[in-house]
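Look at the two complexes coming up: chain A is in both, with chain B in one and chain C in the other.
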Partner chain A sequence: MDDYKFLFKVVLVGNAGVGKTCLVRRFTQGLFPPGQGATIGVDFMIKTVEVGNEKVKLQIWDTAGQERFRSITQSYYRSAHALILVYDISCQPTFDCLPDWLREIEEYASSKVLRVLVGNKIDRDDREIPTQVGEEFAERHNMYFLETSAKESDNVERLFMQIAEDLMKQARMTNVPRYDPNNYNVDPASQDSGCCSRLN
Partner chain B sequence: MALNYGMNLILGCCGCCSAFRPRYKRLVDSIFPVYPQDGLVKSNMEKLTFYSLSSPEKLDRIGEYLYQRAAREIYRKKYGFVIIAMEAMDQLLLACHAPTLNLFVESFLKMVQKLLESTEPDLQILATQSFVKFANIEEDTPSYHRRYDFFVSKFSAMCHSGDTKDVRDKIRTAGIKGLQAVVRKTVSDDLVENIWEPVHMDKIVPSLLFNMQDSSFHKEPPHGDTIPEDSVDPPMLAETCMRELVGRASFGHIRAVLKPVLRHFDLHKSWVPNEFAIHTFRIIMFSIQAQYSYTVVETLMDHLDENAKSSPTIRTSIAEVLSKIIAIAAGESVGPSVLEIINSLLNHLRDSVKNGTIQAEERQYQEALINALGEFANHLPDYQKIEIMMFIMSKIPFPLVDNQTPADNMLQSILLKSLLKVGTKYQTIHFNTTFPVSFLEPLLRMSLAPDPEMRLLVQKIFHTLLDRHGNLEKLHKPTLNIVDSDLNVEKSSRPDLIFINKHGPTIYDALYTSLQMDSNTPDNIEAIYTTLGLLCVELASTETVIDLLQLLLGIQNLALNSTTLSYAQKFNLHALVISLLVLISDVMNIQSLSDYSSRLIEARREEASYCLPEMLTQYPAHCESISKMPHLLVDQMAVCEYLKASGIDPSRLAQTSPYGAGGPGAIAGSQRHSWMEAGARGSIMEIPSVHEVDSAASSPGVTRKLPEEGLSFESMKKVLSEPPEIRKESEAEKRKQISHTFRTATFSELVRLTQPKHDLLQNKLNEIFKSLTTAESSSTTDDPKKLSKCEESFPELFYY
Partner chain C sequence: MSEAALADSTSYADIERQCQEELKKLKVDEDTLLADLNAMLNQRTYIEDKIKGLSRLIPTLKVMKHEAEELVSTINGISESSEKISSKIRQLDSARGHVDECLVRVNDLIDLEICSQGVQQAILDLDYEKGAAHVHRFLSMDQSLLKKTANDMNNMSNMLKSVRTLQEAAAQLRAIVAHKFNEAVESEDLGSVERFFKVFPLLGMHEEGIKNFCTFLRTKVALTADKNLKSAISTSLTDKRYAIVYADTLTLLFEGLARVIDTHQPLLETYYGPGRLLSAVSILQQECDKQVKRVVQEWSKTRQIQKKIQQISEHSRITSSASGSKLEKSDPKDLDILIGEISLMHFRCELYIKFIERKALADMEIGISEAEQKNKLSKVLEQLILNSELSQSKHELLSHYLRLEQYFMEESVAKAVNIDTVELSFQTSSMVDDTFFIVRKCIRRSISTGSLDGICVTINNACRVLENDYCDVLKARLKQGYPSGYLDLTQAYNVLQNSIQQGRLQPGDTEQSRTAFIVALNNADSSTEYITALVDSIIKEIEGACPNMNSKERGKLESCLSGISAVSARLAEVIEYGIQQLKSTAIKPRINPWMDTFLNFSHQLTEDELSAYEAGESFVQTLIMNLETLLSSFRDILTSNNYDHFIKVLTLEVTQRFEKVVMKTQFNRLGGLVLDKEVRSLAGYITSGTYWSARDQFARLTQIATILNFDQIEEINDYWGNADDAITWRLTPTEVKTVLNLRSDFRSEDIKRLRL
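After this line comes the complex of A and B, so read on.
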């Protein structure tokens, strides 16, 4: 039950209220929490998934969107293997802020981090950002793109599985050093593997 | 139930029959009770401990097996068993001896992490407790490959727990304790894990601050640091942890701590209001190793720079924080760092002036900076205060002319305000140490600035520096009842008298000239009353009295003859004169003079009450000049008589006044010149080398140190030993030049010039001031007898 082969750190960022926490809870606990309050600082969740026949452990750091927590949240970017940047498809301002978020990611995250753009809340019928617009933005900035609904559980599983698969592929391609179970790899960029740690 | 458990156990052990399993596994299994609520099976735990101590090579496998069991129980949500597993781990950890410990620690930490990863608050708290126990163990051979990244990340996240209030506080407390433990574990050995790396500090510091700011921080803990370790008050605990962290920071680490602190305040908008920021920075200042406290001040000032574009309200708040902590740093600041801090504060002032000067908020910011300056100076030794005052003085832009930009004016007056602030923190003992020429000279020069506000500030600086006996309040405004105010007069010391002998003429002249300014308000004139009053009280002697009376008569003449002053200003001057006369007769205790002034006052009350205080800006139309009413005026002859009667030689007073009538109608030039030639004070340039010494000593920033004193004294001696003829000859040319200057432009005339010939004006002012310095130097040495006497008694005073 605990013999995972890969450990990846995934960090979620994006404006307050776009549904980061709901996405994480849907994925890790299979539920859509009613009346989810704003995240304070950083939340932590863990989920072990299976890719192929390998167990992959995902450490998920769910950050607060509120600006006042930026100092604490940014400090988590650096060790991330994957960054999920979330906006709310029914709320233009959350999309307009994306360039600011990218700048922060540029500044604080590893250059090799896997970046995924997510437009959440597709169950809503007051969409303001057409899929195509999000897609183009992602393409322009060299990111994966996915639209999700934490509420209806659309694409949530796929989102995280895709990330796990991708990171694993990357990890296999590069020369993976022997994993030390207690060496919690501070900086993914500083290792040859680029983005992951492997259990022996 | 029990059966069920057994089944699971068998399944969980790869199908092996328990009888054939290794001994260590059987021992581990035996510590678990059938029902979790029964708790750890103690006797079996002892057996396990004994076994692991006698077979330490099995420790890693025991640890791993315990971990596997715990992981399984977590998966099944059988938390009771998880707690038992952790307890067993704790006991083994404490029982282990140093060389074998490392084998066990890996699985121990894996277990702690496993529990921390659970969403169950109780398990997280339990894990933290175990981690704290681990952190308290001293390891002989630290494990260099061990990393604490996860723990710092997770504990920091716990510090921000958003659970319901009850759980929340417990989780937050656990988070803080966890961070404290990581710091304690790693701080002593950078090789294990450099906890000071930004990647850690950027998590730890905001987490602590986040908890601290929730506290009722204004309440100091009842007994300093004696917060019980098991306290469940996150704010208190966070504060303790912060103190510890800051206290352990060595020089290279301080910025790593301060940077996230500043960011936190920026992001949480905690500068306005700034109570929490002040609280935090005081904690930092009191916890930091004293020799580094300067760095905090420096960092905060850098932060002001970074906030150059922020609202003045934010900058004001930051500057206020600065002023609250700067005093703590002052005690530790030495040498160049002192002037660096001052310089930086002055630069911020300058920048602020550039920003725009009108807004009230910007002014508040400037006030806050000036306060910081004052706070800082307040805690420096006095000799450094003088250095600072001279330093500030050197930053004040010259020339002072009418048509400078408002920003120039603003900067000048702000710097003067700073100077005043520092001045109020300084306690004068001897005037000659308070007023070295290099300080006095520019100060007097500034007392003649075109801007009346600025002149007022300069007088205030004089007030605070002159007042040694707490008379300032009593002399604040001209009064006719000074007798009632019970002045504190002490006999002046010889060094003081030497000072006033030497500098008196320059000072009196500047004051007199300043009274000629037609932009004077009653405030200006009253301020000069205060300055003169203080001089009189502080330097009470027959010498001084004659000087003052001479000046007093000069001022009266000015009031009578000036063609530029308004009627109101002239009435103000008359009020000044009579108030001074009252003061002088009281301080010198000359009854006849007192009576005389009383009679004058009586007469004025009848006929010209407008020539008595209080001073107004406007008078009714019927008020007319009292020049035609000699019985209302202070009479020179009468004063001489009264002085003589009380045993004071008035001959000097009877001679021609050194003070011109003022005003373009009676160009002071010729009069001033006649004063120079009258010999009452000796002629200028009598002792050239003194002039040189003085100008050398007046270069800003030069501190008077012993070698220089020696030099000055030497040159002084040389001057004295040379026959006067030679001196006169060699300086004839120079004297000619100076005299020429005096003929072509007078002091007061120059000041009144409004043409934009700044350089010319500036040069002339400088020249004249230099020569004046020389003139007053010569006056001290004018009388050879007096000089030699003084020189014998106080040779050390003669380097000025």
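After this line comes the complex of A and C, so read on.
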């Protein structure tokens, strides 16, 4: 059996086509899939990482951005330890939808969930959202912020590793989610989200 | 000296004997040599003979050598000529190749001639099969070879003419067949439709043939679908299939399509070859998409789906913003039937998609050999399904299903809680049974949709409803507290006063509140068992419904199922909370005064006082009697788990308080004896009423009593450290000394002196 001590659920949300699936595949498989089709429903991937000699299992839920899958994807917010909200820096509408996504997170996710705002596709030269605008939005809504490129593998590893480290820090403080094979759901509500170190 | 002389004389004799022996040996050698010489002399003539014979052989050998040389040169000659032969054979081979090619060309030429003559006659005779067969023969010729032949021939005009004739005939036939096919379609002449369908591939019109034929099949499907939809729309409310009439319509559509595919696949395979089913399926899919969309639209209109979904989301918005306004709200019971219909519709879509996937893939497997091409086609199939209206409709249905199912589950559980009733003689109330019935029903229904995503989401939703809505209700009821009726007057007054001020309690409903509390606690306990049973049964059902889950799907499902154990954890928390409530209102306020009466009894007794004490109502008898009254009031109303839990908490309270009062009392030897007896009978009483032993909980108290029951201080040494009777002490050395100090007859200097 796996010998990890911590299990965290990370859920990616955001408009269709912003690159959620590409981010996940870059992180879990180290590749940028050509012609990535839209996600249907919700996809599930696992990657075990090491944080300070401890094995941490990340359960990554890659949700579909298309509206018609909303009733599926929403049901995964509640048990998430971390939520990654992604927009496309070269596509203003994906940024404009962020408040809607936040409303949804507010309604369905635990109030203690770790929230990260990610501006993806920084390799593109038709940027529409300046870094600072994203940064300010994140700050205003008490989120971490990071800009990435799934294509060029910029900041992708960092994004997930920072989340793992942060969740681990929280877990250590409350020492709740020790892995128990009979009960491996970690209650996100029992977690402290006190630490506020920024991701960059 | 004499010794040396003796030695000398011996040595002479020795030497003489040795010389004799040497001589004898030489003689024997001489004899042998003589004999050898004689033998040699005897052989001489023989050897001379041999030499003579050999010298006669020499000329013969010379002849042989000459002959051998001749042989070698002959062999060389043969090898050279065989080289020559094999190169000739090679030449012959290639010549034969040419001959074969020539034969083909000649055959082609002959056939070309025959075909070009035959095809026109066939067209004139309206024998399109024959004409097409000629064209087919023509098309099967290597066109580049034909060109080459034409260049090689002197008299090429004839041949070119034939080619042209055939090309023209082919074009003509193609036009005719296409036209005739359309005519047949228009006149609904099924025989002719099939006839010309078989001609297309002969003319190299595979794709056109499939397209035309499937387009024809589409019209048939459309016709039936139209009729079915009309009859669905006009189904009367009283019809017993009214509630699922659209699911039935979809079923008819899919079954019809499946039948079309099944019956025409052999035809296609025979005349067009395997590996072409995907083309057929793609065309039929267009009709499928069109019809599915119509059915779903009609269904959506008739069942007022948009309105219902909107009501639901408004309802959830309003309840989440906690405004009290009453909204027109769908009765979950009415939705129940609709949800059943959607899940059935979804399942039908799922089944049909699986069907065409299976069919097309199997056909590719047989018909296409190159892996690359196969890969490409299976991607085409994947995209065909992914982008089909059928898939979109399926996703839409699932989305509706999940919204309605979630609402249904939430509302029904809320209703179960609202109409919660306790039946006499039941430890739990109706909400437990009802809630788990609903949750189970919803999850089972999600399994019947055939969608793993649907199952996972419904499990997620069930976890949320149970962990939040349901457990919150139980906890809220426990929060009301358990009003105790046995308080002394001032305590009772204070408790009641507080409760009334906080609006928690009406002065007359103590009994009701108590029952409500106990039932809530029991509900939480029995819910834990319901959960275990629920997980067991749904896992089995899911395995049955989705037998071929891959590891990723399994991981997804397991992760969602693990959410259920969070519900169990939350229930355990609720139970613990309730028991703590009971402890503070039902246990502590009663136990404490009972235990405190211990202080009213002197434990410094004379022999006479001891007999009098034992004859009368002793402390422990009264205590046990009181405890029995208390416990018996809970024994039958609590579930056995809760009752056990209750006794554990009670025992802890009793022993701790007992310890406290003992620490406030002075003992003499007889007083210690009495205490020891009292502790034993109390421990005995409590253990008798439980499944577990209370001995451990009594350990400290028992040890205190043992100490107080010593004859002499030094007895402690029998039990301490490495002594034979040493025990595992629950008391620290300081505590032991404090206890010893309770004995008025032990001197504190002696106690101080003890080394522990």
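General remarks:
Going forward, the second predicted complex is superposed on the first by the 181 of 200 C-alpha atoms of A that agree within 3 Å, B and C clash if a C-alpha of one lies under 4 Å from a C-alpha of the other, contacts with A are read in each partner's own complex, and residues count from 1 in each chain.
One rule holds in what follows: contacts are C-beta pairs under 8 Å (C-beta built on N, C-alpha and C of every residue); 3 or more make two chains touch, one makes a residue touch a chain.
These numbers come from a predicted model, not from an experiment.
Residue contacts after overlaying the shared chain place A:E107 against chain C, while chain B stays out of touching range. In the superposition on chain A, contact of A:M173 is made with neither chain B nor chain C. Contacts of A:I72 after superposition on the shared chain: both chain B and chain C are touched. Annotation for chain A, partner touching more residues between chain B and chain C: B.
By the touch criterion stated above, A:T39 is placed in contact with chain B alone, chain C being left untouched.
Counting contacts as defined above, chain A residues 37, 40-42, 44-46, 59, 68-72, 75-76, 78-79, 182-185, 187 meet chain B in one complex and chain C in the other.
On the chain C side of its complex with chain A, the touching residues are 320, 386, 392, 395-396, 398-399, 402-403, 406, 453-454, 456-457, 460-461, 463-464, 552, 555-556, 559, 562-563, 565-566, 568-569.
Touching chain C in their complex are the following residues of chain A: 9, 37, 40-42, 44-46, 59, 68-72, 75-76, 78-79, 107, 182-185, 187. On chain B, the positions that touch chain A within their shared complex are 68, 71-72, 75, 106, 109-110, 114, 117, 119, 145-150, 153-154, 156-157, 159-162, 197-199, 202-203, 206-207, 210, 260, 263-264, 267-269. Within the complex formed with chain B, the residues of chain A that make contact are 1-2, 37-46, 59, 61, 64, 67-72, 74-76, 78-79, 180-187.
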